[in-house]
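The two complexes that follow have subunit A in common; it is paired with subunit B in the first and with subunit C in the second.
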Partner chain A sequence: MMRDQTEILAKILQILDEVCPERNARATRSAQASLIDDYYIDSLKVAELSLLLEETFDVSVFLPHLIASVRDPHELTVGALAEFVQSNLAESV
Partner chain B sequence: MAAPFSIHKDEDIYFVELDTPGSSVNIFSRAAAAQIRQFIQSLKATDASLVVFKSTKPYSFLNGTELVLTASTRSLEDAAALSEDTRQAYRAIEQCPVPTVSAIHGSCFGCGVEFSLCTDYRVAADSFDTCFYMTELKDYYFPPIFGALEKLPRLLGLRAAVDFLLWGEKWRAEQARERNLIDHVLGAENFDSNLRAFLTCGALRNLCKRPILESRASLPANDATDRAAIRNRIDRLPVEQRGLYSLCFEAMLESLQGPCSHEFKRKSTAAFQSIFHSDAWRNATAFFFIRTMARTASLGTSSLIPSDPVTLRLPASGSEYARIFGDRRLQGLTVHRDAAIGRPELIGENAMRQPFDVQWGYAAEVRPGSVPLIYFPDGELYDVCEVFIAPESLPRFRSLLVLITHLGWQPLVRRMEGTSVLNTLIEAGASGLGHVHREAQQLLRAKVLRHSSQVDVAVSSLYDFPPSRGSFMSHFARAG
Partner chain C sequence: MLNPDLAFASAEIEKLLGEAAGATWTVAHDPLWQRPLDIERIKQAGAASLLQDLPGFTALGTTQQNEVIYHEGLYHLNNLMAGEHLGVFLAAQIIRDCPNDSLDCAYFTSTVLADERNHMLVVRRYLREQARVIFAPNAALARIFDELMRETSYEVKLFVAQLCLEWTAVSLITSIQFKQPEPLLRNVLAAIVRDEGRHLRFNRWVFAHLNNARIAQLQPRMEEMFFEATVAIVASFFAIPVWQQYGFSPDACRQYALRDLHERGAMRYFTRILPRQLERCRFKANRLIHLLETELEQRVINAHLGLQPRGSATDIPLIASPGAIG
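Moving on to the complex of A and B:
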């Protein structure tokens, strides 16, 4: 099972490339990238991303919980997603 | 990323066409709001005779706003701040110096309906996928915030407005016209040319601005009986839903009397504020994502656009589903009824025939044969169907299954072995929902289904499990 933060981040970036091919050309492919402003993630893609993350990491990754937890939607970054996955992995042990 | 709207002028009509970039459905994003405001600000009354809003996205006129953003709101102030761009854009459309028309082909949901209520005229295509539906209360347990509460009772009358907004009735174009939601129905085939012919006909030459809120509301003769019946029905809703439904109903009544009073607005604000502290709203919003996850788990895509058009040959007699598939005119679906065949066929590339079976109506024993099987356990009563299919056949049938979602059923895809999952859940229900939960856990452990969201969607359909309680599987796991 993958636990390393760097490895989780790399895998998430790979999955985001698949789910959201139309990335903001000015955004870097990094933990700081915004899911909304840079990956243009919409509600359908949230569901698709949740499912792919669950299958990749073999853990429940219900992204609406992450979305509901932030005060400002701009806090929804790739890094925040990686932390969310890592925390779910830790809880599942 | 490309601009959401493309704007072009043909003679003296502006066509403003929405195609949300990177999404399989149109949503009214902040970029869309900014573009509309900028366009309308630059417009003078003499610039054109009409502004026509339409979609170039198949199957979707306008499905909503940015739900991802809405899901992160925690207070009325958050919601107001997030919705301000949309609110300003909608107001700009209402105040557009040129008369406006919504030309609707495809789903028109929630704030899509509210968008169309800002235009002076509404016309729609007579296809089954052109569907009007107020999602807010039914799906999200959230009040409509872009004018529907005030406008719908005035436009439709109280009874129809309540059916549409509170009870979540889905209307196709003809039903919408009968209830006064739209002005005219156009043939879906060659919709663009039908629209152009309609817009340029003599009758539309003298269109004028027609704001709904300036129209005079009329109260029906049986108003008191209607109100009592509606209040009774609200009292029978799950307890967590009654407050918001009552509030919305009172707001609709108030709108029939005239501008809402200061005291009413104060009470409404306090009640809406309480929604943000309720589990019901979070659960209902989460359920939208669960529904999409179930579809993605079944079809391998969240997209609502089939990759190819679909042609079916269906038996000519004795099959209710063949009649329904044929009658529900849908973009991208061609149905031939053929007396010579007994088994339905999907006509693929190079006219290659892919036979499949359909079981329409409950059968105690449902097992697949050698070809894919689609099982509708109670015809039209349940909006879920079960699809037995081998993984290697799924790509050939995927477009058909996407179209089946537009026809009104959520396909639950599973392998070509074993007995029906839906029957298992139906039979377990005789012993209570706790038993259904235990059976569902076994199905998931045995990997008969790919994801727990598929169970959630099935139970929602079979047992009317309310979205305000969220995931059935999580709800019962929490309850122990």
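Moving on to the complex of A and C:
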């Protein structure tokens, strides 16, 4: 089972490439990238991303939980998503 | 039958149950309930409608377009409320029918029941006191709810209600918050989502522990009900009662809404991605995917032609004022 933050981040960036083929041309492919402003995540992509993350990390990932936890969803970054997945992995042990 | 050991088979479920029991439900006391909705702010949110290319819709001014979109959102919230209401009764049936050789399933489902009750009541209050708009639930959804209540397998009830219908509804509706910064609704949905995260972990546990013989036994019914639930989900995107209120023809709306769902990738999601929920629970999905690819669209159209009342908005009191709510 994957635990390393760097490995989780790399895998998430790969999944985002698959779910969100159109990306803000000025955005860097990094932990700092914004899910909404750079990856153009919408409601369908949230649902798809949740499923793909579950399959990849073999842990329950309910992305709306992450979205609901922040005051402004525009602040959600790829790095925050990686931390969320890592905390779900830790809880499932 | 009382099990004298009263044990949990899973430490994970026991911990999750502890979390559920300790979770506080404070949204009912949110001070924002005392403030009227900032309708003008809501109407500037800029979300998209499935009718965005319909000539009658594009002819409207921005304020009117946003008003339609706002009511579409309320229609979806009404459907969510209906699903939460059903969830209470389904949870009661699951507690009755699930294995009772350990505490896990029945006891955790008792928290699901309480959560669904809280969700239903808070969404109902929001719609009645704040938005002051009530719609009848989508007819295709109402039909699948009836069918689930008659279903004999607790596993099918759990899977279809929680992982197919509710997971999808909450995922899609919560994400609307991206563009809908109404603070009270955001707080209500955040409270619901927090509980749903626990339900998801429980559901995954149940299906990870079914034996292969039971999986094989449930396979045909699971695919059949998943298909019917997907038809109902897609059909419920069509906010025809709202569109009728604004005088749009249901036939034209169906045509443009379907086109828009294809363009947004929604039909691909429902035919190729959502069935993977079944595979996550160790069921096969090949037959289901074929069925969805070949029949989903026509079944969605039929669902509306067969179940939705037709006629002008003035003929049908689909939107009731709070005073008319029973």
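The criterion applied here is as follows: the second predicted complex is superposed on the first by the 93 of 93 C-alpha atoms of A that agree within 3 Å, B and C clash if a C-alpha of one lies under 4 Å from a C-alpha of the other, contacts with A are read in each partner's own complex, and residues count from 1 in each chain.
The working rule: a residue touches a chain if its C-beta (ideal position, glycine included) is under 8 Å from a C-beta of that chain, and two chains touch if they have at least 3 such contacts.
Remember, predicted model here, so these are calculated numbers, not experimental data.
Quick one: subunit B and subunit C on subunit A, clash or fit?
Overlaying the two complexes on subunit A (C-alpha atoms) leaves subunit C and subunit B clashing.
Is A:22 contacted by the first partner subunit B, the second partner subunit C, both or neither?
Touch partner of A:22: subunit B, not subunit C.
Which holds for A:14: it touches subunit B only (first), subunit C only (second), both, or neither?
After superposing on A, A:14 lies clear of both subunit B and subunit C.
Between subunit B (first) and subunit C (second), which does A:51 come into contact with in this model arrangement: first, second, both, or neither?
Both partners, subunit B and subunit C.
After lining up the shared chain so the two structures overlap, which partner does A:40 touch, if you call subunit B first and subunit C second: first, second, both or neither?
first
Answer with first, second, both or neither: which of subunit B and subunit C does A:62 touch in the superposed model?
Both subunit B and subunit C are touched by A:62.
Which partner, subunit B or subunit C, is in contact with more residues of subunit A?
Looking at subunit A, the partner in contact with more of its residues is B.
After the superposition on A, what does A:73 contact: first (subunit B), second (subunit C), both or neither?
Touch status of A:73: both partners.
So, A:92: does it touch subunit B (first), subunit C (second), both, or neither?
It touches subunit C, and subunit B stays clear.
Is A:30 touching the first partner subunit B, the second partner subunit C, both, or neither of them?
Neither: A:30 stays clear of subunit B and subunit C.
Hey, which part of subunit B ends up inside subunit C in the overlay, 296-304, 314-322 or 350-358?
Residues of subunit B that run into subunit C: 296-304.
Quick check on my understanding: which residues of subunit A belong to both its subunit B contact set and its subunit C contact set?
36, 41-44, 46-48, 50-51, 54, 62-65, 67-68, 73
In their complex, what parts of subunit A are in touch with subunit C?
36, 41-44, 46-48, 50-51, 54-55, 60, 62-65, 67-69, 73, 92
Inside the complex, what are the residues of subunit A that reach subunit B?
20-22, 24, 35-36, 40-48, 50-51, 54, 62-65, 67-68, 70-73, 76
Where on subunit C is subunit A touching in the complex?
Per the stated touch rule, the residues are 12, 167-168, 170-178, 186, 189-190, 193-194, 196-197, 200-201, 204, 264-266, 269, 273-274, 276-277, 280.
Quick check on the complex: what are the subunit B residues that touch subunit A?
Listed in rising order, the residues are 1, 20-25, 27, 64, 66-69, 71-72, 74, 82, 282, 285-286, 288-290, 292-293, 295-297, 301-304, 451.
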